[in-house]
Amino acid sequence: MSVVAVIVATPLIGAAVLALVPGHRLGARLNIGFSAVTLLASLVLFGLEPSSGALFVVDAFNIYLIALTAFVGLTTSVFSAGYIAHEIAVGKLDERKLRFYHAMYQAFMFTMLLALSANNLGVMWVAVEGATLTTVLMVSLYRTAASIEAAWKYFILCGVGIALALFGTILMYMAAQPVMGPGMAAMTWTELMGHVAKISPAILNLAFVFLLIGYGTKVGLAPLHAWLPDAHAEGPTPISAVLSGLLLNVALYAVLRFKMLLAANGQAIAPGPLMIAMGLASLLLAGLMLYRRRDVKRFFAYSSIEHMGIITFAFGMGGPLANFAGLLHMAMHSLTKSAIFYAVGHAVQVTGTQRIERISGLTVSHPALGWGLLAGVVAIAGLPPFGVFMSEFLLVTSTFARQPLLALPLVVGILVAFGALVLRVQQLCFGAPGMVEGSGVPVAEVPLQGTLVPLYAHLALVLVAGVWLPGPLVAWFQAVAALLG
Amino acid sequence: MGLVVSAIAFLFAVAVVGAAAKRLPQAPTVVYGGTAAACALIALWAALRLAGGGADADLVLPVGLPWIQAHLRADALSAVFLIVVNLGGITASLFGWGYERAHHESHGASQDGPVLPLYPLFLAGMNMVLIAADAFTFLLSWEFMSLASWLLVLSTHRDPETPKAAHLYLLMASFGTACLLLAFGVLATAHGDYSFAAIRAHAPAAGAAALVVALILLGAGSKAGLVPLHVWLPLAHPAAPSHVSALMSGVMTKVAVYAMIRVLFDLLGEPEWWWGGVTMGFGALTAVMGVLYALMQDDVKRLLAYSTVENIGAIVIALGLALVFKAAHTPVIAALALAAALLHVVNHSLFKSLLFFAAGAMLTATGSRDLNRLGGLIHRMPTTAVLALIGAAAISALPPLNGFVGEWLLFQAILNAPALSEWSLKIEIAVVGAALALATALAGACFVRLYGIAFLGRPRSRAAAEAVEVGRAMRLGMAVPAVLCVVLGVLPTPLIRLFEPALRLLVEAGPFDGRAYQPWFWLAPTSAIGNSYNGLIMLVVIALLSVVLVLGIHRKASDRVRWSIPWGCGFDGPDPAAVTQYTASSFGQPIRRAFGSTVFRARDHVDMPAPGDTRPARLSVTWTDPAWVVVVEPLARAVGWLAEKANRLQFLTIRRYLTLIFLALVVLLVMVAVTQR
Amino acid sequence: MSDLGYDAAHMLGAVVLLMSFALLYQRRLFSLLNVFTLQALALTATAAWQAYSHGEPHLYITALLTLVLKAILIPVALHRIIVKMKIHRTIEPALGIGLTMVAGVSLVTLSILLVLPVTADATALTRENLALSLSVVLLGLLMMISRRNAVSQVVGFMSIENGLILAAVGAAGMPLVVEMSVAFSVMVAFIIFGIFLFHIRERFDTLDMQKIESFRGESD
Amino acid sequence: MTPLLATLYQILQMLLVLALAPLLTGWVRLVKARLVGRRGPSVLQPYRDLLRLLRKEVVLARNASWLFRAVPYMMFTAIWLAAGLVPVFTTQLALAPTADLIALIALLGSARFFLALAGMDTGTSFGGIGSSREMMIAALAEPAMLMIVFSVAILVRSTSLAEIADFMMSGAVGLRISLALALIALVMVAIAENARIPIDNPATHLELTMVHEAMVLEYSGRHLALVEAASMLKMLLYMALIACVFAPWGMATAGSGVAAALGGVVVFVAKLAVGGTLLALFETSIAKMRVFRVGEFLGGALLLSLLGAIFLYVSRGV
C-alpha cells in the first residue's frame, strides 16, 4: 500500500513544488522528473502482490491502468516540454501561465492516479471531480474566446454529470447500507464486492443509471459527449493528449467498477443493453461527425468518442472475448490517441494552423512526423499490425457470433469512421506540402521543435501489442473480464 | 516451414534497408535483389513440397492471439498459391529494379512517396495470408497486405486522382475485411478458438453456413473485384508504379481467390448445391461486365485493371462450377473445374503481370498511359512489342498459349452440366457458358484494340514517335512471364499434376483419375465429355506447316518488295497529330454501340465544324459505370446526408446539450422502471 | 427510531421538494433567489435534524455549510452579479411554465415508480428519502434546461446539489458526506467565479451560430 | 487403323482442302453469276487469280512492321490446320485427338486476332474500320459458335469432331429441336464469319460497308494471295463443319477401308457443290444489311444457340 501512496503522493508534491518554481525550462524538467518518479513507482507495483486497504486497492483491473497512466503522463510531459517551448517562442503563453500549467498538470495526474487506485467510491468520485476542475483550468489556458467557451461548456456539462454520478454513489451506499451497516465499509469497493450478492437490486439499478449517465458524460458517450470535442480542440495539445488518453479511460474505469458490482449481484438489471445502446450511439454519431470536421484536433477528439463508443459497446456485450477486447482497446486507444495528439501538436506548430485542409504533405515536409502521424491514424483506424486491430477483431467476431444484428451497426459505424479517418489522414500526410499559415515560408523549411520519442515510443508499444501480448497482462485481462460478466 | 517464415522475416529486413534508401545508393538493388531471392526461395520450397505430395507443414509461433497463438500451415493449397504469389514477386522484382533505375535516371531525385520499404512488406503480407492457419493471423495478414498496397498506391500521391483512388481502395478493402471478420465470427467456436483446425472440426449449421458464403463472396469478392464491388480496382491498381500494379492485379487478386477457396472448399465442409450457383452467377456477371468496361477504357493500365475483373470472373465461374460438382458428389468433375480455376489463376498472374510490365515500359518510354497518345511502338520498342504480343495473345485465350488451356478446361467442366440433377443449375450453367464465351471473345477484341492502338499504326504523339526501348532488367522481367506463357500453353499437364495434391485436399479427387493413358505432354482429363487437347503437337504442326508454307511460297512467288505511302484520304504528314488513323475510341465504337448504350449509357458526342472551317472534328465519349450509380454514389450521398444532419449537433447551445443529457437520463430511468415491473 | 423522528425528516424533505416546484414556478430572478434560500434553509434543517436524531455530529457541519454557503453567500453573490452585470431580471422560460410543471409532476411520478420496487429490507425512511431526493435532482435538472438565463441555471444546478445532500444526509451513517459536499461547493464556487470573471452572461444559450462556428474553426 | 494410315489420311486431307478451297469459291461465283443471268468466270478462275497475285511484287505501307508481313503466313497456317482438323472424308485423322471443336474455334480466333492486328498496323483509317468491325462481329459469333458446340457436345458427349461425326452417322440422335436451332445458328455464324452477304460483301470496296476487305486493303502480292486463299479455306472449313456435324453420311469410319475413304472424298465434293449452290442462292436473294444491324443478327444467333442448349434438357435423353 505504501507504494500506492508514493504513486499518488508524488504528483501531489509535484503540483505543490511546480506551483512555486519559476522558469518554464526548469518547470518542464521537473514536470518530467516527477512524472518519471511516478512511473518508476508504478512499475514497482508489478512486482507486488495485489492488495487492498481502506483507501487503496490494487488488483488486476487497475494495476496496468495505473502503469499506463503514469507512462502516458511521462511521455506527455516530455512532449509538453517541446510543445511549450514553441508556444513561448511564438508568444502564445507566458511564464506565469506555465507555472500554473505545470502545477495543474501534476495535480491532474494526482487526481487520475487517485481515482484509479481508490478503494472508496466516495474518494473515487472526489478524484474524478478534481480531474474535471484541473482540466477545465488547463483547457482555458490560452484565454481566447473559443477556449473559454470550450472550458465553460466542458465545466457545465461535466459538472452536471459529476453531480449525477455523486447521486449514483449515494444511491449505491443507500443500497448497501441495510446489508452492510452504516460506515465506510458500505462505500468500499472490495467490501461491496464481498456483500453485493445480498443487496436489493432495485436501488442498485437506479444507482447504476445515474453512474452511467454521470461518469458516462466524462467518458464522452453520445449524447453526453458535447463537451469533449471543444475541450480537446481549444486547450493545449498535451492536455488534449491526456484528456483523450487518460481521463476518458478513468471515467470508464469508474463505470466498470460499478458494472462489476452489478454483475456480481446477479439479480440487478443487465447493464449490457444500456451500454450497448450508448456505445453504438457514440460510435455512429462520432463516425458521421468526423466527415464534417475542419479542425484537426476536434477531428481526433471525435475519433476518441468513436472509440469510447466501441469500448462501451464491448463491455456492454460482455463475455470473456468482448470484455477482453474492451480492456485491450482501452489500453490501445489510450496509447494511440495520445500519440496522435503528439503528432498533431507538432503538425499544428510547424504549419501554424489547425485547419485540416491547410495542412498537407507532412510525409514530404517532415517525414518522421508525417509517417508517425500516419502510423498513429492507421493504428487507431484498426489496421494491423497494431493493437486496435486485435481488439476490434475479437469484438466484431464475438459479437457477430452471439448477436448478429448488433454486429451490423457496429461494423457500419467502424467503417463510416474509418472512411473519414483515411480521407483526412491522406490529406494531412500526402500531397504537396504548403506554406506556413500567414507567411510565405514553406512548411518544409520549418524545423520540428522537441522530440518525437514519445510518439514513436507509443507506436512501438501499440505495434508490439498488436502481435504479441505479455502473459501477465493477458492473465489480468482475463481475470477482469471474468469479473465484468 | 521455418524456411518460409525466415524468408518472410527476410522480406521485413529488406524493408528496413528500403527505408534507408536516401542514405544507401545501393538500396534498390538490395531491395529488389532481396525480394527476388526470398520469393524464389519460397516458390521453390512450395514447388518441392507439392512435388513431394504436398504434405502439411505446420508451425506455431508464440505471437498473435494469446490463447491460441499464431498458427501457420502450408498445405497443398497454400503451396499452389505460394508459387503463384512468389513467381509474380520474382518477375515484379526484376522489372521493378529496372523500372526504378529508369525513373531515377530520368527524374533524378523522386518526388514520389517511398516504394522501396513498402514493396517487400506487400510481398510479405501476401505470403503471410497464404500460410496463416487461424482467423486472427489470416485477417491480420490480409489487412496488412491491404495496408501495404494502399501505401504503395499513395506513392504517386501528387497526382490529384491518386488520393481518391487510394481512399476508395482502402475503404473497400476494409469493407471486405469486415465481411471476413463477420464470417469468421460465425465460423469460430464460442470459446474464441479461431484456429482453422477448430473451425474445420465444427461444421456450422445450414443457416450460418449460408451467411458465411454470402459474407465470403462479399469480403473476398471485394478484394478480387467481383462486380459490383469492383469499383475501386480500376482506380487503385493503375495508380501504383507498374510493377506494383502488376502485383496488385496479377497476384493480390489471387490471394482473394485463395481466401474464397480456403473458406468455401476447406473450412465450410460439405457445400450445398446453390452455393456454387450463386458464385457462378457473380462470376459470369463479373466476366462480361469487366471486359465491357475494359473495352471502353483509353488508359492502358486502367484497361488492364478492368481486364483483371474479367479474368477474376472467369476464375470465380470455375470455382462455382467446382462447388456445384462437389455438392453433386462428382468429385472428378469438381477437380476438373478446380484445376481450371487454379490453372487460370497461374495463367492470369503471368500474362497480367506481363501486360502491366509492358504498360510500365510504355510509360517509361513515352511518359503516357493514354492510348490516344501512343502508337507505332513496335518500331521503337521491338522486344517489348514481341513480349506484349505474347501477353495479349495469351490473355485472349489463343492457342497454343496458356490462356487457352485454362479456358479449354473450364469449358470441359461446363460441358459436364448434364451430370447435375438441379434443372436451374443446368440452365444456369448453359447461360454462364454463353457469358464466358462472350467475355472471351470480347477480351480478344479488347486486346486487339490495346495492342493495335499502342504498338501498331503510326505514333499519335511526339513522345511516342521518339520512344526508346527500355533497359535489360525490364525486358528480362517481361521475358520470364512471356516464356512461361508459352511453356504452360504447350505443356500444361505437368503443372496440373503438380497441383493435384491441392485438388485432392479440396475435392478428394484429381482431374485425371480413372484415365489410363496419361502421357505428360497430353491434356486429357477425366470427364463425361471425353476429350483431349495437345498444345505441343499443335505448336509443332503449326511450325511445320509454316515452314512448308514459307518455303513453298518463296520458291514460287516474286520476292520483290516496294515501300510506299498508303492512301490516307489525303491526310499524310510527319506531324503525329495530323495522322488519320483509328483511335482507341473509334475502334471501340461498334462494340460500344452494340453493348454499351444501355448498360453504360455510353454516348458519342461529335463536334463537327461547319463546312469551310478547318478546325478538326472532335469525337468524345461519355459513359457511366452502373456500379457507381447504383452502389457507390447512393452510399456516399447517404453518408454525406447523415453527416450533414448529425453535424447540427456540433452547434447547439449548452442548454440543449444539457437537455440531451437530461433526456438520456430520463429514458434510462424509464427503461429501468419498465423492466422492473 | 421514533415516529416523530421519521415524520419530521419526512416533512422537511417534502419542504425541499416543494421548494423545487416553487423554483420552477418563478418568473423573476430575485424571487427565484429567495425561494432558493428557503430551500437551502429547509435542507439545513433536515441535515441538522438528522444529525440530532441519528447522533451523527458530522452532519452538523453539513448543515452549517449549507446554511452559510447556500442560504447566505451564494444568494448574495448572485444578487450582486445580477445587479452588476445588468442581467435581465425576468426569466425567459424555454419551456412554458405550465408545461414545465407538467414535466415536473411526471418526473416525480417517475421517481416514485422507480422507488416502489425497493424491497422492505430498506427502511421506510430510506424509501421516502430516496423518492424525495430523486425528485429534487430531476427537477433541478429540468430547471437547468427549461430556463435560458445563466443565473437561473446556476440555481438549478445548486438545487440538484440540494437533492444530493438531501439523499446523503438521509442515508444512515453515510461517510464522507462532508468531504463530498465541500468538493461540490468548490465546483459551485467555480461556476459563479466563471460567470463573474469571464462575463459569461448568456453563454448557456448563445444563439448566434455564426459566432460559435467561427470559434470552432468549423465554418466553411 | 494404323497410326501410319491415319497420318496418311491427315496429309491427304490437308492437301485436299487446300486444293478444293479455290474450287469452291469459283463454284459459288459461277452459280451466283448464272443466277443473275451472267455467264460468269470459269470455275478455275480463283486458282489463276492466286497464281497471278503470287507473281506480283509486294507493295508495303511505309509504316508496316514485321507483324504485317508475318500475319498472312500465320493466319493461313492457322486456318489450314483448322481445316485439316475437320473430318471431311474420314473420321480417322492423326491430329483428331490434338484439338477438339473448341480448339478449332480458338484456332480460327487466332487467325482473326492476328489479321485484325495487321489491319491496324499500316496506320490508315480503313484498316481500323475493318479491324474494329471484324472484332465486333467475332465477339458475337464466337460465343454463338461455342454454344452450338455446347448443344452438340452434350448430345454426343464429346467435343471431338471425329466422335461427333461417328455419333451423328449412327443415327442414334434422331431429330431434335436443339440440333435444328444449332444448325440455324451455325449457318448464321458461318455467313458472318466468311464475310458473306448479308453481313459483308466479299466483292465490295465501298468504305462505309466494308468489313473484311477493309482490314486487308493494304495487302498485295503474295501476302494478298495468302489472305485470299485463307478466306477460301475458311469457307470450305465451315461447309465441311456443317457437313460433318449435321450431314456426316458417306464418311469413312473406324472399321472401313481405304475404298470407303476414297468414296468419302467423292461424297465430300458433292456436299461442297450442294453447299456452294445453296450459298449462292441465298446470297442472290438477300440484300446486305447495315453494319450496325449485324450485332442484332449475330445476337440472334447467340440466343438461338443458347436456346438450343437449354432445349437439350427439355427434350428426352440427356
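The letters A, B, C and D name the chains in turn, as written, and every chain counts its residues from 1.
Note that in this section a contact is a pair of C-beta atoms (placed from the backbone, for glycine too) under 8 Å apart; a residue touches a chain by one contact, two chains touch by 3 or more.
Only a predicted model underlies this, so the values are computations on that prediction, with no experimental measurement involved.
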Which two chains does the highest number of contacting C-beta pairs join? B-D
Can you name the chain that lies farthest from chain D, using the mean of each chain's Cα atoms as its centre? C
Based on Cα centres, what is the most central chain? B
Just curious, how far off is chain B from chain A if you go by their C-alpha centres, in Å? 43
Could you grab the centroid distance between chain C and chain D? Build each centroid from C-alpha atoms only and quote it in angstrom. 98
Using mean C-alpha positions as chain centres, tell me how far chain A is from chain D in Å, no decimals. 77
I'd like the Å distance between the centres of chain A and chain C, where a centre is the mean of that chain's Cα atoms. 31
Residue numbers in chain C touching 2 or more other chains? 114, 117, 141, 144, 203-204, 212, 216, 218
For chain B, residues contacting two or more additional chains: 650, 654, 658, 661, 665, 669, 672, 676
Can you name every pair of chains that touch? A-B, A-C, B-C, B-D
Taking the complex as given, what residues does chain C use to touch chain B? 94, 107, 110, 113-114, 117, 138, 141-142, 144-145, 148, 153, 203-207, 209, 212-213, 216, 218
Within their complex, chain A touches chain C through residues 120, 122-123, 125-126, 129-130, 132-133, 136, 145-146, 148-149, 152, 155-156, 159-160, 162-164, 166-167, 170-171, 173-175, 177-179, 181-184, 186-187, 200, 202-203, 206, 230, 233, 292-295, 298, 354-355
Chain C - residues contacting chain A, complex: 114-115, 117-119, 121-123, 126, 129-130, 133-134, 137, 141, 144, 157, 160-161, 163-164, 167-168, 170-176, 179-180, 183-184, 186-187, 190-191, 194, 198, 200, 203-204, 212, 215-219
Give the list of chain B residues in touch with chain D in this complex. 375-376, 378-379, 385, 389, 393, 396-399, 404, 407-408, 411-412, 414-415, 417-418, 423, 426-427, 430-431, 433-434, 437-438, 440-442, 444-445, 447-449, 451-453, 456-458, 522, 524, 528-534, 537-538, 541-542, 545-546, 549-550, 553, 556-558, 560-569, 579-582, 586-591, 593-594
As the complex stands, chain B meets chain C at residues 650-651, 653-656, 658-659, 661-662, 665-666, 669-670, 672-673, 676
